[in-house]
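Chain naming follows the written order as A, B, C, D, E and F, and within any one chain the residues start at number 1.
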Amino acid sequence: MERSSRAAIILEALPFIRAFSGKTVVVKYGGNAMVDPALTTAVMQDLILMRLVGMQPVVVHGGGPQIDRAMKASGLQPAFVRGLRITDAETMRIVERVLVGEINQEIVALLGRLGGAAMGLSGKDGGLLTAVKAAPALVDGQPVDLGLVGEVAAVEPRPLLTLLQAGYIPVVAPTAGDGAGVTYNINADCVAGEVSGALQAEKLVLLTDTDGILDRAGVLLSTLSRADVERLTADGTISRGMLPKVQACLTALKGGVRKTHIINGTRPHALIEELLTAEGVGTEIVA
Amino acid sequence: MERSSRAAIILEALPFIRAFSGKTVVVKYGGNAMVDPALTTAVMQDLILMRLVGMQPVVVHGGGPQIDRAMKASGLQPAFVRGLRITDAETMRIVERVLVGEINQEIVALLGRLGGAAMGLSGKDGGLLTAVKAAPALVDGQPVDLGLVGEVAAVEPRPLLTLLQAGYIPVVAPTAGDGAGVTYNINADCVAGEVSGALQAEKLVLLTDTDGILDRAGVLLSTLSRADVERLTADGTISRGMLPKVQACLTALKGGVRKTHIINGTRPHALIEELLTAEGVGTEIVA
Amino acid sequence: MERSSRAAIILEALPFIRAFSGKTVVVKYGGNAMVDPALTTAVMQDLILMRLVGMQPVVVHGGGPQIDRAMKASGLQPAFVRGLRITDAETMRIVERVLVGEINQEIVALLGRLGGAAMGLSGKDGGLLTAVKAAPALVDGQPVDLGLVGEVAAVEPRPLLTLLQAGYIPVVAPTAGDGAGVTYNINADCVAGEVSGALQAEKLVLLTDTDGILDRAGVLLSTLSRADVERLTADGTISRGMLPKVQACLTALKGGVRKTHIINGTRPHALIEELLTAEGVGTEIVA
Amino acid sequence: MERSSRAAIILEALPFIRAFSGKTVVVKYGGNAMVDPALTTAVMQDLILMRLVGMQPVVVHGGGPQIDRAMKASGLQPAFVRGLRITDAETMRIVERVLVGEINQEIVALLGRLGGAAMGLSGKDGGLLTAVKAAPALVDGQPVDLGLVGEVAAVEPRPLLTLLQAGYIPVVAPTAGDGAGVTYNINADCVAGEVSGALQAEKLVLLTDTDGILDRAGVLLSTLSRADVERLTADGTISRGMLPKVQACLTALKGGVRKTHIINGTRPHALIEELLTAEGVGTEIVA
Amino acid sequence: MERSSRAAIILEALPFIRAFSGKTVVVKYGGNAMVDPALTTAVMQDLILMRLVGMQPVVVHGGGPQIDRAMKASGLQPAFVRGLRITDAETMRIVERVLVGEINQEIVALLGRLGGAAMGLSGKDGGLLTAVKAAPALVDGQPVDLGLVGEVAAVEPRPLLTLLQAGYIPVVAPTAGDGAGVTYNINADCVAGEVSGALQAEKLVLLTDTDGILDRAGVLLSTLSRADVERLTADGTISRGMLPKVQACLTALKGGVRKTHIINGTRPHALIEELLTAEGVGTEIVA
Amino acid sequence: MERSSRAAIILEALPFIRAFSGKTVVVKYGGNAMVDPALTTAVMQDLILMRLVGMQPVVVHGGGPQIDRAMKASGLQPAFVRGLRITDAETMRIVERVLVGEINQEIVALLGRLGGAAMGLSGKDGGLLTAVKAAPALVDGQPVDLGLVGEVAAVEPRPLLTLLQAGYIPVVAPTAGDGAGVTYNINADCVAGEVSGALQAEKLVLLTDTDGILDRAGVLLSTLSRADVERLTADGTISRGMLPKVQACLTALKGGVRKTHIINGTRPHALIEELLTAEGVGTEIVA
């Protein structure tokens, strides 16, 4: 490719770099997008570039597949209700070990090897998150207790602000204590939504493994308002795994985040495409 | 007890509080001292008091017993050579999960519940520690490969300084990467010695489960010089589990730490006794 | 006494140290409590400990007995109306010399010798206090002019804030100018009440030589509300020397101070007992 | 073009952005490269991007063609000796008016319209440059007085540091006073070399209208050492208009600048090509 | 003259120095007052003294006579409507060259030679001023287009605040862009009025070549209110060249400036007389 | 007097104001110069002006006549040996009361009423001075014990720097403790010399009641070197009361002070004459 074309393409990023300079962008990264090492490396490069061009990225990660594997290795069978993992004490111990002691450390170390400076933390570190037990899920009208599945009762943004100000990329594992010694497993999309609101982030970007929200005909919906989301949820167009993602976006918007995005994290450098080129990708949900 | 006597005792701490105000004290806390919840709570209270009266405590923790348990639960048999755990890849995964994803989080959460503000990190976070593979251990003159057991190649103090300055108690798990994607298990005493040197700490305090270094007659040795330590090591008075502790003290002294202490962490509030009362406890090794 | 008990007692101070960290505490110290050198030393140690554990103590001192002595040495006879010293020009000169040039300097020097860093000031320094002539006292319904007895017309907190921020313990002598060249003698309790309000202090502690406010049966009253104080003043339970102290507490509470205390300064380390142990001493007056 | 390819190209800039983050880069921009508005706009966009990705660009501009035009409009005939403009008082007045009152303002205004924040200054502003009269040029062994042509006697970097720290792109016109009321015209390449040294810049980039330094066969020389430059100057390969540029590079290197570049400013976005892509352009002269 | 009298006179300046310490004073300096070098030097000394005794002077300059000369030298004939210069594109080019590239530089250099530190800027630098085309002037009821004569649409005070904070005296030339590439010539009195309002200046001082506003009998009017000004404008006492000055004062007062002054700049050190002695000079217009 | 002449005279101060901006000037003010209220007011105005035009004045005061009066009022007879007051415990108590509790407060209050912000301190405040007992004076070859007359053993400049930085004029009374509870009376000239050295002051100015150092013929000596001073002391030209002043100047010069001055404080505004006019007054002693 012609060299000067490369320069021209870089130049096209200029207005986007300017617009997001100094702004906080929370990136939820998880699930299947984490399985492919090449993809993972691409996401990490994007995060480092974001930091270098002046953004303040914060990563929130999940870890479903790795937890499933670790549970099976211990002879436990994963079980879900409405997309939430039924979590007994033994499962919780595995969840915390895998999320905090394995996945979080992998991300932090990979960012470090690629030249970034990252610090991992869970909801317990610096009191970032206070959890509360989630309400039972309703299955066929019957309440089903989810065990140690929590919701976010409070966010203390100071640990993240301390790390951002010192130049680190914070990497958040979605576990938290309740202030009384019980540890909870919280949906990572939910954590990302709450954290982005507490940080008054510019954007929340959820990296998933589909192209975004599709209509009934399978066509990508580029931009949705809150009202659109409510209608599409009511008529079932938005369903299952997409429900917590959409809920996270609404939480973020309610908290003051300007824009939220659901994009395909299995597409290399989708983050940069979304943030630094004129063509947005995926679905954007705005207030 | 008479109220005014309480005030008088608190007053006696005044010269010690003054002497250590603003000074960094690295506390290695581990092993059997971690098993009793009441003892653990007492240590955490001591750390919080240290912070409140103006010291800058940094915790480095181990986790031998908990790792043993987790290995056995996974059907693995712990094996040691000269006090160092032979660590294959499967063991390393368990070590990291337990140290970073369980013990570190427990300490951070407990400090939080007791009113402190703590942040956990491993050697990977912020590039705190760079590991290098440890030399083989010599057993009967034969080298035995220890697997993923590492030594500290470099310390980057900035993550700890960032957290201390922001008012947090840093809690360090002794695992680290080598900068090329391999994770190592490092002896926690060793990490404490290196970190205290890199921070130019005032003191390194190793909490263990004996009263300190005893002479052949079983009498506690209160103060030792480096020369004393070399002599006692040569004649076998200092041996086995005490060897890495003594080595950590020498590393710290060489790095510029003013005083190092080996004290009995199973004695409630031994830290406060050592730091804030006239009667020192345990063995002190000085330059 | 058992060493570990000492540590335990120190530990019991932890929640109080935490609660008052960074908070300003104004201590009125005067009169008979100043006569015994051992007691004075004990009070100074308490103040230094307060500073070291993170509080911001400010001392306001009186000096009645010393002024009496100096007046008699000059052939003057002290005279009082309702506890206020009738102050002619010659008396005022003696008052200022003794308060500013003797007692204030003794306190500052003693704090220095005990390891503290103190700076003395009067109401004239940095324009801390502006005085106004006090209204005549009513004796048997007749107004009696008190001469150069003043009241606080205004407090400029900047000199105290400058000294506190630089790490000094400010020591305030209760004399002040009126902005037109006349110097006034102001009751030290009154100065302490006004200064604590202007600093939005956490506490005002008045060290006196009784255990606090007693009811008619001579039993100590631990906690009083403003309404209680008004009732007890009306029925004569609170009278004479206790009146200006109670008035200072009400002034402080009105100015936004959280709690005020009248405690027995002749009891060694009563300040530390009050501030750092669970058992309060003396009488507490709250809003 | 494929969207994801755009993202990939942007990503390739990552290591360069990281390497130059916070570094000062002095850009000499002048002569014929200034004539084409589209080219000028491209250079300005490059400068704004440099600032946004964390570099600290400083612009030094020339203005030969515009000065020629203005002189002719006033009935004066431009005359040069060894590339330096013979400058009498009337010419100097025109030079200063055109450089400071026209070209500098155009650049500042254009940067502003494109979203940058620029501040123009000459050597007189804030005492940035002190000039001294240049030695006569030798023509056929005879000295020829150049009039008000100056050299840089001293650089005061504070005005530039003030503007950089406040977030502005400084734009420097190459005129200066001698401290005694005489104004001098200084070669812009020379100013750029001196300023980059005084700022301890990372790079000096001279935008010219050729591809760099060519050998006798017309082939571009990519990298030259100081020794190479001396040899090529001695044998006449480097001559005429390239001489002051090469001299500016040597001045900069001697002053501590890390790398210097002579690149083709008529090629759109050559600055970005040089700074943010793997393929360097033009000729690089290094220490 | 007696030495001690000199000291006494300096002392008399004390209350004025105190009153204006840290306050911003905008000084409009222009026209005929700029022609005499001795007078110019006197004004510059006054500005440097203002800075040294703690004021924050900002200079706005005009340049009518110099522009007239430059136009004539280029064969153009200056033309005015209601005191505003009809400005076609060729004239505008001359105006900008002379104001920014000649007069501004002279003032900056002279301040520098006298020991001050000054930085010149136009409305384009740092986006200080945004211009908008002025409405046509009415001549005998008929609108006359003034060409490139502008008015101030917006002031961005940050460039001036940056320079003041760094210790420089900002010197402002009254030209500005409209954000779309067109440059305008703005009346310097008007710029001074707008800038003083945007800076919330303490004072605006307009140096002119008369003693101030005179009544019909030719007697100086010392102090005028806004109402007075309106009355005197209506009855024609204030007319012609004084009109834009009076308008600038009203603009400043409306913007929050405390006092405005029209004084005789041809009187040596009139600025110091006005600012630092008890006897005001000229006419003061207050809110 | 002509108004513009006043402005011209103020202007003449410009180079001096510039030269001393930000510089510390220690002023010893004492003895007979303090007796006349009008003179005292003039000195205080000078100090305030010094502060306003950017200098950092520090006052050290004496108080001989007032101490004499107070001693006599207490029935004590002042006695001197070689200009030093023989100071028993009773005398020391009077000295401290009068210097700290009367004269210091008068100066502070007067500065306040004239619009300055002053804070008084003695050598005890903030540990400014540590005293040591002075050696016995030799009278006819016999040592005579001076009692509580001290010399400066150490200066801690932090209290003065804290007050200067906060904008206060520090006013120092020449009494100090020895760190063991004994208070000493120190010659104020000596304190001024030591303090000016510790502050690395620009100037030390001693206000006395003669015009400076006179030669044998009674002619004022304008400038003396250290060598001159030694010669003039050896030959008896400098004698008696001038000896400690000259000694203070030498101490200051040795400590790094640039210039020292002995001037006539009974001449109104002599300080301003010396500092802000071209004609120096009194005798200047330089290194």
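Going forward, a residue touches a chain if its C-beta (ideal position, glycine included) is under 8 Å from a C-beta of that chain, and two chains touch if they have at least 3 such contacts.
Just so you know, these numbers come straight off a predicted model, no measurement behind them.
The fewest steps needed to get from chain C to chain E, moving only between touching chains, is 2.
Number of steps on the shortest path from chain A to chain C, with steps defined by chain touch: 2.
Set against the C-alpha centre of chain B, every other chain centre is closer than that of E. Distance between Cα centroids is largest for the pairing of chain D with C.
By the residue-number overlap criterion, the interface of chain A with chain D counts as same, with over half of its numbers used by both chains.
Separation between the centroids of chain A and chain F, computed from CA atoms only, is 70 Å. As a whole-number value, the distance joining the C-alpha centres of chain A and chain E reads 57 Å. We define each chain's centre as the mean of its Cα atoms; on that basis chain C and chain F are separated by 35 Å.
Residue positions of chain D touching 2 or more other chains: there are none. The touch graph of these protein chains is a ring, one cycle where each chain has exactly two neighbours. The cyclic arrangement of chains, read from chain B in the direction of chain C, is B, C, F, E, D, A.
Against chain E, the residues of chain D that register as touching in their complex are 73-74, 93, 96-102, 104-105, 108-109, 112-113, 117-122, 124-127, 158-159, 162-163, 166, 168, 175, 177, 179-181, 183. Listing the residues of chain E that touch chain F in their complex gives 1, 3-4, 6-15, 17-18, 21, 42, 45-46, 48-49, 52-54, 115, 267-270, 272-273, 276-277, 279, 281.
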